[in-house]
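Accompanying notes for the structure given below.
A, B, C and D label the chains in the order they appear, each numbered from 1.
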């Protein structure tokens, strides 16, 4: 089995063999607010269920990260920053990165490019009130994306996007660094249960086993593992403790680099790229290839 | 990791570190009757499947609780009390609490405030025939809720509601104590299989592992774990025995308080609250914040 | 924990403590034919997938039962008997019971009482060609049932029905013995995957663990466990071998009676009943209580 | 338990007791392109997610097969061959078989016989550019099939189809050899998660256990196990390593033949058939019996 080191010794920061990004989409009730914007339900159960995030889960998450001395990236809708300034201050004080996640969790495939630009500018200003600097990256709500949205991200001068799944290592789309995600290491699909959901949430042992396997084999293959989590889900006691075990093991693995999305994107940006040599250097795909092809 | 004790030594009754509430929604066929009220199906299979609860499951449940000397809260629709008086008498004789669950499992988001008031008053009178006193709390069918419904509960002078998921410790909504629940410790989403359901029921080993983990980490975090079960589901032999193992372990843990929802709510009501210090005392949220916010 | 023996020493045949019924719905493609009767699909994939049952699965099942010397009940639609006479002969030669399952898997809630009577008479004649005697019991397709259908079964002079879930021991509905089933011990919900199904099939280890737990605790509670399986699903190699392990353990348990549904129903019919003493004798419910109640 | 050897010593190649086929549907984004052909979505997330296959997954797969010296069959839509010639060349250089999978993943039940013929001829020419010879077999997208489509396959002179589930050993449909598949050993139903999917992907340990059981019992029963996988799913690091363990064990089992679908089909074609002796020789079913029967 080839490792990143044998392929290319500077693929990951600090000469490590593989990378782990621990990221949180701190969205609280905004996905529910956005989806129900045209007809708010009388039922407030899910709204309150999601408030567990800013009320309790975020503090459990921050405590865990502090205990393990891991720096994380928090993708935060502007509205959340506006409503829960106390939580935002604690995130910044913990040394974590703040990045864009819309104003109220707007899905880029459901709004125009103009609306996307407007909500991101507004959210950028709001997040900068806490971090003192403009956010440098974006994660799209629900991992949706359009070619036009990628253009907006470039126009806004962002360094990175972290929403797509086309590789297991960061890649370039024109001037943007794509730090890929994966549904398999996203907590929502395992742990989100709201009224009407069909399958029960996975037990923490199953998720812990699955994610540990992902990290282990990521190290063997010299790839990136991006954990995407939500304080209202992964911030609950049993899940926080399962996550503690996973992250403790990861932190003790000296082959693995762990850090923020921005730090990883900066490292990648400093390396040469080569679309022709996808297996030995950073893949470069052009924005045009993102569009719908003619396949018939 | 902070424990409830280090935070606030009187958070839980008897100076314990955490709390476990073992509660049953004894609803039998009423959810099916309510959902199908406008067009009763010809097919009586689910009706009969749910009758396992009042016919067999409730007695398995009561026997288990008696064996383990655990007092539980039974949320019982008035119609069930009316149809199965023998079971109700055994619940009361076992020293358990009776509390409100509608007349025929009416979801509060599907009826008016006036209808909610009417069905709860009627059910309250019916339950009082067995317990000798008016019920002091309410759990909404399917964990649904509206702001208006919370007002009705307050008007009726109830001490507590146990339907929301906004915290992992009891909290105050104006004068009402909210004793939160959690889908993850609710049997229906794991074990309910009726014709047309998509996923098979979870095995008892999986649920036992998941719930044991929830209780264990609840103790570590100083939080509340509320088990919500149904006699027609959890009253079946294999599940009763899995539950026996879970509850035996819980009962042997001296850090854990186990009791009825009413007893816990009374304890919380006797403590000072402080919305500004959510992590060290009882959180107080106002009824207005329950409503749909303007997020755009 | 009470056992059946302490309650009532003749609850089960041969003075055993509990009972296991191993039953097969040998329906092959008929559920698909019935559901698609109004617009047969161009796609024949599911049709062929289900033919695995009569082509291969049934022989694996019969071999297993012969190896373990277990007698089983096969519920067979008349059309299957007509199309696969070789398989029917082998079932009868194996000493197993043939019982009714419609002509082409007609769901009783979807047809009139007259149609149900007609299809069952036709199927009864067809099955009698193989077994030499009229079938004595019925299992409804998909465990559906109506009050009117139960009347038809009684008019046809059947001894038993095996389609409902209202108890974990056989019970009486007027003159009919109901030998209850349970979704949790039905293979279809775990193992049926056809195009468009949402969840993948359960692994055989999970099902084997779940069913073994059901049988174990059935013995402890003195109840009935009814396995409901399909040759096109459970007849595949990995599942047959998992079933072999389950049944070997069951057969080695001297507290457990194993036999056909007809033999169990005859035993129950020979015992006194008593609706008032449901926990110590056979429950008797009247046909009228099967109907939709007025719950409001 | 009978084994293939005791039944018929030349059932499998090289006198082995059972057979394993390791096959890949290398379809990348084509299923998504085909399904969305009438209204391409703005959202490009799934398109990019599926590009993981040709960009990364295929190379992980090929490396694994080379490490284990296993020859595999790749079913490749013509459009994929056209877009990713580099990957196609590596497949051929690895000694693997190329076979038909439509031009752009057209489901045979959704197009006419004429369209099927046209797309397969076009794809056949494209694949021959790489392999130097016309493909000899077909696997239908999504395992769909119609009687008319089987006729087209015969008209095109194909040796085999590998899309149906009516047996656990190859069988004949007129002059075509059917090498059966099974949903239970198909990665998509366990591991495919795209936006909107209901259940999370299975963990690799669960799938590895389930597939290992399938292979083990296949050997005991003397049957065929066909693994159907996709590079964009099974090509990810954790799944590749789980697959490595499964295949290493299989390769070390001297009773098991492992090879391409074409090699297996050729072996079967060289044996006598006998519809009357399905359990001891190759089953022969006629094309007419594939059609929708009159079951009422």
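As a working rule, contacts are C-beta pairs under 8 Å (C-beta built on N, C-alpha and C of every residue); 3 or more make two chains touch, one makes a residue touch a chain.
These numbers were taken from a predicted model, which means no experiment stands behind them.
By the residue-number overlap criterion, the interface of subunit A with subunit D counts as different, with under half of its numbers used by both chains. Least-squares overlay of CA atoms from subunit B onto subunit C yields a rotation of 90° to the nearest 5.
The distance from the centre of subunit A to the centre of subunit D, with each centre set as the mean of the Cα atoms, comes to 35 Å. In terms of their C-alpha centroids, the spacing between subunit B and subunit D amounts to 50 Å.
In subunit B, the residues that touch at least two other chains are 198-199. If you check the complex, the residues on subunit C that touch subunit B are 1-2, 109, 142-148, 163-168, 182-184, 189-190, 198-199, 202, 206, 209-210, 213-214, 216-218, 220-221, 223, 278-279, 283, 290-293, 295-296.
On subunit C, the positions that touch subunit D within their shared complex are 29-30, 33-34, 37, 40-45, 47-49, 51-52, 55-56, 59-60, 63, 67, 79, 83, 103-104, 193-195, 197-201, 203-205, 236-238, 240-242.
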